[in-house]
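Dropping the structures in below, format is structure tokens.
In what follows, subunit A forms one complex with subunit B and a second complex with subunit C.
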Partner chain A sequence: MSRPPEDILLEINGLKTYFFTEEGVVKAIESVDLVVYKSETLGLVGESGSGKSVTALSILGIVPDPPGKVLSGEVMFHGQDLRHLSDSDMRKIRGNQIAMIFQDPMTSLNPVFTVGDQISEAIMLHQKVTKKEAREKSVKIMSLVGIPSADERVDNYPFEFSGGMRQRVMIAMSLSCNPELLIADEPSTSLDVTIQAQILELLKATSEEFDMSIILITHDMGVIAEMCDRVAVMYAGFICEIGDIMVIFKSPYHPYTRGLLGAIPRPDAAREDLTIIRGSIPNLINPPSACRFHPRCDYMMRGLCETVLPGLVEIESGHRVRCHLYTEEGKAWMQERGEKREIGHVPKAAVI
Partner chain B sequence: MATVDREEREEFLLDEKTLREIDTMKGAGQWSIVWRRIKKDKMGMLGLYIVLFLILMAFTSWILLSFDQFLTDRDILFGDPNNSISLNNLYVELWVPGMPKENPIVLFNHPRYQFADQAKLPPSFEHPFGTDRNGQDMLSRVFFGATVSLALGFLGQMTTVIIGTFLGAIAGFYGGLIDEVLQRIIEILYSMPGFILMIFIIVLFEDVNIPGGRYAVVVIFFSLIGWGGTALIVRSNFFSLKQQDFVEAEKALGASDMRIIFKHILPNSLAPLIIIVTLGIAGTIFLFAALAFFGFGDPNAVSWGDDLNKWQNDLIEYPWMPMFPALFIFFTVLGFNLLGDSLRDALDPRLKD
Partner chain C sequence: MGSSESLIEKIASKQQQRGLLADRIRTKEMEEDVILEVINLKKFFDIPVPFETTWFMIAFVGAIVLFAFYQAYGLIAIGAIIVLYFGLPYVPPFNKRPRVAHLKAVDGIDLRIKKGRIVGLVGESGCGKSTAAKTIIRLHEPTAGAVYFKGIDINRLTSEEMKEIRRHLQIVFQDPYASLNPRATAHDIIIEPFDIHGVASGDEASYRVLTLLKDVGLAPHHAYRYPHEFSGGQRQRLGIARALALEPDFIVMDEPVSNLDVSVRAAIIQLILELQRKMGLTYLFIAHDLSLVKILCDEVNVMYLGKIMEAGTSDEIFESMMHPYTKALISAVPIADPTKRSKKIFLTGDIPTPINPPPGCKFQTRCPLVSDVCRVEEPIARWYSESHVAYCHNIEGGEENPDFFIQ
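Let's turn to the complex of A and B:
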């Protein structure tokens, strides 16, 4: 299921971000291609170090430089490439049209200012309002994100808030300018489970209320299943599979996605061993050649996967996979050797 | 719309109530904690009182002298302002209250007022600190000398701290080449003998005519070579603070670098800066007094260091002349050091009470 091109809010093509450290060049993102449609929630899932957060920072152009650098690719937002905008133009977009919330609400707020000051500042950075109006707006938005007695709490310092409330403040801050796109970088990871559910619920409600798109970065498949319309699976700097959430959860095409889904314990499934992905996540200074997943892949085609990088193959409209199982080269390889490699479906019991 | 269900509300109200209780019990905020810690520290409070007393003294004497100057400039005071010998047009007098007007006991005179035939008098009821060789009342000299002595310390320290903070903040935030260059400059500054360099510069610029006289040269040059320590401390502070998530969050909100540096990171490194200023003022006052003592001050200025220099040879014969200015320098340095030490302890976040 794909939507018409005029519904596209953000389109990333061939994004490439490296970190030039003293130990060597960390090839954090090799090629990220994805599309975010208007008022949808896109899940970005992958192991730690797969480049999810770096993708988010690259979109906003706030990759710490040095050592990081966005080398190539385009980030099209409303028809303009964010990578070619001037610094001051980019600042007008950050926080205003594209907002971001971070993983750890404990440290993402400046400890020496009241939360009201910080929300007001976010408003005043992008709108011509007086301090008083900004404050009134802060109170309004704080009560909107479910902070009780917001008119009193607005003068409190971050340390007077609990973790969940701080994350609500962060959300209030990012919503304060009605952004069209919200990048939520593991917004619920550092919170306990009940608060997690509340925060996710809040994000879902506000995204509907404000009609905004969300890129939800997480490594929690449960969160993805709950929240997202589409999901992009990242591995070692590549998007390896992107598509509709139902399609991907039901029949993943990429061996890695399959491994991820197979590794989730399910209370409803018949007792059986969880599948594992053998090996561990590669060192990104010396990543495996071509398809970076090949050393861990059960379907690896010797002579092909480690030499030729598979392109993104469109399985069906809106569902794209980067794997040689579906490329012409891969099919030729299989035909040549008379071998048939096919990814099985996830066992029936594991399907949601 | 985000709906907050009732359960959550109730749970939270309880939370807030506890918070309130904690608030009323101990008062929130970093500064009230700091204040409580200083209050507990007896030596720190002594230092604070000394510093407050000196600041009050400096301000009072400055206002009085400015008022005197104001009246003199408008010929409201009798006497001849054009005649430099006729110093009797300097008429600031503070009387002991309740005395008859015809024959009052004068507590403070103008610092340049010369009592005829009253030179070299030892401390007495009339002149509690005695008089010097010129027949000037030492108490008045010491009282009015506070302005220049303290102002020099403040000015010198503030300029170095401002320069150091600015450069250290930029270097710490951006790192890289800027940081390398700054560090090399600081190393060069550190490897030069500051005091001798100061003397050299003062002699070099002896004839320069700028407002503020020789002390302006001293302060300007001091701030030009003295910012290294502050810059290093601020730089290392920024190195750790810029890694904090709130900096990234602020970037994502679209704040400019300058805004992040000066509005968000700098307030977080206020504590070390306060300590630098407090402890530094003592050192700066001491340095300027030492310069004056060795004759590199301004002989026309009314300051403790210059008085000390003027009467340094009279220590045996007329001990009160150099003693009282020296004593006040000592108390100033002591006061600021005590307060600074106390502040350092009070602002230490690792300390919990």
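Let's turn to the complex of A and C:
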């Protein structure tokens, strides 16, 4: 399933971001490796606190500093490492080639400027156009994202828009410079299902039209299933599984992915089929050692999972898992004790 | 649970003692297995519409300036403005202007909840589902309509009598952090209902607190922790424990898992189901997550702008829905299965404001099937089975009376 290396748009290797707070060091991202191909939608899924948003901020270099700091890793975009760019070079990329949509459009729009001003600002920053041209372009892009009578609404303030319309304004703003990569951080979480369907459809349509890649961050497996080509599952600062959407939903390899899929009501599921991941999400100031999922894992190998961090194992081309069930150490552990631990591949709730 | 008969008797005897007529408390013969019946319940919130004060203020300032130069004219002007300001609202045609606007949060809903069932109430945000739930258990006084709990019209009870009934009607809120007192320990929070209702005290009460904590999956050592020391899921367990303390018959679950993470959410759902099995509880489950409602609820009511659009058993709503709104709502739910990327029905626009809802059918502004009759006439109930009802002008078939299916 993996595509040739020249199709790679963004490549992240060993990204590590910590937050140095008064309570202690929050180890938000320990190691994130992922690849985004051209014109694909990559889903980044995980529970709150798994480091999805911090990954997005780290890519764009907008982690609030202090307290946050990207400690190591490389973010390769068009053959250059974004982490080593100067601030002014980074500004040219941000919003122009890589754009971002935030979860809550009300807090990310400026309440004292009209939406037209705000969209024009993005256009004028990155393109040599006059104010009038920028305004015309804003109207055009606003009608493109489905805002009715855009030529009038361009002079409205954010509070005059409903939640769904505000999110459309955000999308219009991020599309204004034809970015190659759009990072959408929970773009539909605060919206109603009917509005969510509209916004997701809009994202899908525009990504096809503009030939744009999307990193879609969400905690909703349903949204992932509807939208994405590939999916990366995050848990407590690690990518624990990444692969093609069909493969991950049909036969997840990581116990956490499996648990996550079992914990959501799926189409043909009955009440009894909802499975539980026991325990709760760890505190990242003092996370569990080695594999951070081991205290909640049903397949935990004593003496191994809490001491040795499993590496990313390539199950098949493009499908990688970070779990000792598939590593050499893990196999040795199982052989030594004569135990066989295998993950039942299809969660009970999934009848595909 | 056996106290419900005695409860009705108790209230009836109290009425006689006081010599009050029985008709102050309306009772209703209800079928054996129906625990709660809601009839045409309405809840409007009044929003004051200000009279054009600004213009009067400007005129008043002008009159004061006038007063500074010509005292007599100034006085006359000030007097005239005051008279106009207070008098005008009573003079036609100005008296026609409404002084308050009604926010029609709940605009006439009917529900019949059978014992031991989980009844879902779904809809978009702002459709009035939470207000409906709060009005049903009389946390809001209803504007019109009646709620019969075990045959008693609870809205006609005095506060003292209501206290008796409250033991049997409980609620679990969406945000457990906002609904738990931050300065009380878990023990204090759960023991409070015992104190208020004089059910248990001292060691017995403390013992029951520990049992309740165990029932909801918390450990005894959690009893002396404060809400902020719990995780989100644990806090919701605490909220459930408090609701269970008085052994209620009926619990309103107002989006109990919306704020929780996926893995924790499944655990709370399991707990809710387990408690229902064990204690024979009846739930009114409010949610906007339809995939959850589908597997959890026996019956589902779909609400839109203060009205119920369609109601039926879970299968009827999810497999053979009739109403265009239900169809759009269900098709909009993302399905966690990439092989089933469905064709969606997109609704245009947003929910209209409930202060000035459209006349006729409430859904007309976004309905794909809208016709002329929808704009003037409110649709009547049409039944598609004994339990399946929809309110729409433009769907074929159906009977006007549910009795048709009983014979």
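In the analysis below, the second predicted complex is superposed on the first by the 343 of 352 C-alpha atoms of A that agree within 3 Å, B and C clash if a C-alpha of one lies under 4 Å from a C-alpha of the other, contacts with A are read in each partner's own complex, and residues count from 1 in each chain.
Going forward, contacts are C-beta pairs under 8 Å (C-beta built on N, C-alpha and C of every residue); 3 or more make two chains touch, one makes a residue touch a chain.
Everything numeric in this text was worked out from a predicted model, so none of it was measured.
K.L.:
Between subunit B (first) and subunit C (second), which does A:62 come into contact with in this model arrangement: first, second, both, or neither?
P.N.:
first
K.L.:
Where does A:125 make contact in the superposed view: on subunit B (first), on subunit C (second), on both, or on neither?
P.N.:
first
K.L.:
Which holds for A:198: it touches subunit B only (first), subunit C only (second), both, or neither?
P.N.:
Both: A:198 reaches subunit B and subunit C.
K.L.:
Looking at the overlay, does A:162 come into contact with subunit B only (first), subunit C only (second), both, or neither?
P.N.:
both
K.L.:
Just subunit B (first), just subunit C (second), both, or neither: which does A:111 touch?
P.N.:
In the superposition, A:111 contacts subunit B only.
K.L.:
Applying the document's definition of touch, where does A:93 land relative to subunit B and subunit C: first, second, both, or neither?
P.N.:
In the superposed model, A:93 contacts subunit B only, not subunit C.
K.L.:
By the touch definition above, which subunit A residues appear in both interfaces, subunit B in one complex and subunit C in the other?
P.N.:
On subunit A, the residues that contact subunit B in one structure and subunit C in the other are 162, 165, 198, 201.
K.L.:
Using the touch definition from the top, list the residues of subunit A that touch subunit B in their complex.
P.N.:
So the residues of subunit A touching subunit B come out as 57, 60, 62, 66, 88, 90-96, 99-104, 107-113, 121-122, 125-126, 144-146, 148-149, 157, 160, 162, 165, 170, 173-174, 183, 198, 201-202, 205-206, 209.
K.L.:
Give every residue of subunit C touching subunit A within the complex, in rising order.
P.N.:
124-125, 231, 233-234, 261-267, 269-270, 273, 288-292, 294-296, 328-329, 331-341, 344, 346-347, 350
K.L.:
Under the touch definition given earlier, write down the residues of subunit A that touch subunit C in their complex.
P.N.:
Listed in rising order, the residues of subunit A that touch subunit C are 47-48, 162-165, 192-198, 200-201, 219-226, 228, 245-246, 249, 259-267, 269-271, 273-278, 280-281, 350, 352.
K.L.:
What residues on subunit B touch subunit A, complex-wise?
P.N.:
Touching subunit A: residues 1-4, 8-9, 12-13, 15-16, 19, 28-30, 175-176, 244-246, 248-256, 264, 267-268, 270 of subunit B.
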